[in-house]
Amino acid sequence: MSTTNMHLAVTDRPLDGNSALEFCSAPGHGAVDLFIGRVRDFNQGRSVVGVSYDLHAALCRNVFAEIAAEALDRWGRETRLWLTHRSGRLDVGEASVVAAASSRHRDEAFKACRYLVEQMKHRAPIWKQEHYVDGDSEWVKGHALCGHG
Amino acid sequence: MSTTNMHLAVTDRPLDGNSALEFCSAPGHGAVDLFIGRVRDFNQGRSVVGVSYDLHAALCRNVFAEIAAEALDRWGRETRLWLTHRSGRLDVGEASVVAAASSRHRDEAFKACRYLVEQMKHRAPIWKQEHYVDGDSEWVKGHALCGHG
Amino acid sequence: MTTMNAPTDSLEVQLFGGFRQFIPNGTLLVEPGEAKTVADLRRQVERAFGDDENALMLLKASAFATDRRVLDDESERLPSDEPLSVLPPVCGG
Amino acid sequence: MTTMNAPTDSLEVQLFGGFRQFIPNGTLLVEPGEAKTVADLRRQVERAFGDDENALMLLKASAFATDRRVLDDESERLPSDEPLSVLPPVCGG
């Protein structure tokens, strides 16, 4: 989903920070903050060789849109936002998520970017299966979306 | 100044976010936060066509090194840091500063990156002269480095 | 899964994440039967997992959703003509 | 600036930012004379600005520094053989 001031997407293709930096810019915007989440080689004591991301694409886009609308409410309608998440199998070092926000001043850019990341982690229907060096794989525990979880 | 885990510089050439994203990465780092400050077209009611940055290069590098050392103390020695500031005349939209931090987890990356930016703004010997559409120019008021300022 | 042989008017439910350990293709067919509310559907899905404790535990921590929203209120009437899914705890990023 | 004609053993002080309005090349030469502390140097620089109220106001808000550090304690003895500079309030980024 892409409107004039936000770009939200899920994709199985490599993510690109530069596109986010270009999108999140405007002559009146003095600040852009960009976050990239990458696959780590080690998690909770185990050596990781890759991660598979499963996601509910349609609902994901809706949740991204809700989160982005909240960010605009909080940090101003002229804020520009970017949120993309990758699906499929990723190697160590590859980007799983790119979030960015630009605004007139830095405080809004930092806060809006962080908001996108935190809310995405807690609310977006995305799941992660880690693949370990020993050949084993495991679905990572997460945040329950239901009140009784 | 560039050590294994930090790159700190002042330069009169265009700044590049990508180099910071590449530098601030490691197989064990799951998060990188990047901030870019850009020249705005409007400030305090006046239309800006460009900004000239004056800086004390030698002292700037020392202050950047102090700030970076503090960030490593706070958010871990394995954090990777990038801080570059441009000097000379910049057009609207051009990057004046690029700060980035990568670490295992996102909280450290966000906080370390923001720390670099805030401390740079308050402590680094850098000055900004705005050029307005009407041909006028003005040195922007800033933060005093002396106790009695 | 006996539910694989359900009649064509079965209700199709998509499962994600950890559920792929139990149902690799991520699709579960349940008898619509008496399922009128989200809570009814939850019971049908429970039944489909039989006595698989791991699957039942994951289901307990899961939410039901359409493609548009999470169905927080499980006393809500099941939306018709909307794809339904079961969402285990999420961990994007 | 009369200080432009100071003898070669004059103390050279670099000025930055807003001071370029008053001294475009950013270099002020002051008589080392009795300047033994940072506070002494501040008085010498004050004198060099004469009755230029704007320059004096900016100087008041400024710090003195070497290339390595800001000289916070102005009772400190002037470091010898180190370049000295006057730093008005900063505003990087």
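Note that the chains take the letters A, B, C and D in the order they are written out, and that residue 1 is the start of every chain.
Here is the rule we go by: a contact is a pair of C-beta atoms (placed from the backbone, for glycine too) under 8 Å apart; a residue touches a chain by one contact, two chains touch by 3 or more.
Keep in mind the model is a prediction, meaning the values are calculated, not measured.
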| Starting at subunit A, what is the smallest number of hops through touching chains needed to reach subunit C? | 1
| query | How many angstrom lie between the CA centroids of subunit A and subunit D, rounded to a whole number? | reply | 50
| field | Centre-to-centre distance between subunit D and subunit B (centres being mean Cα positions), rounded to whole Å | value | 26
| Junction residues of subunit C, two or more chains touched | 93
| task | Specify, in ascending order, the residues of subunit B that touch 2 or more different other chains. | result | 37, 106, 117
| request: For this structure, give each pair of chains that are touching. | output: A-B, A-C, B-D
| query | In the complex formed with subunit B, which residues of subunit D make contact? | reply | 14, 16-18, 20-21, 60-70, 72, 83, 85, 87-93
| note | subunit A partner, complex, touching residues on subunit B are 17-18, 21, 25, 27-42, 92-93, 104, 106, 109-110, 113-114, 117
| message | Please output the residues of subunit A touching subunit C within their complex, sorted ascending. | response | 37, 53-56, 58-59, 62, 85, 96-97, 117, 120-129, 139-149
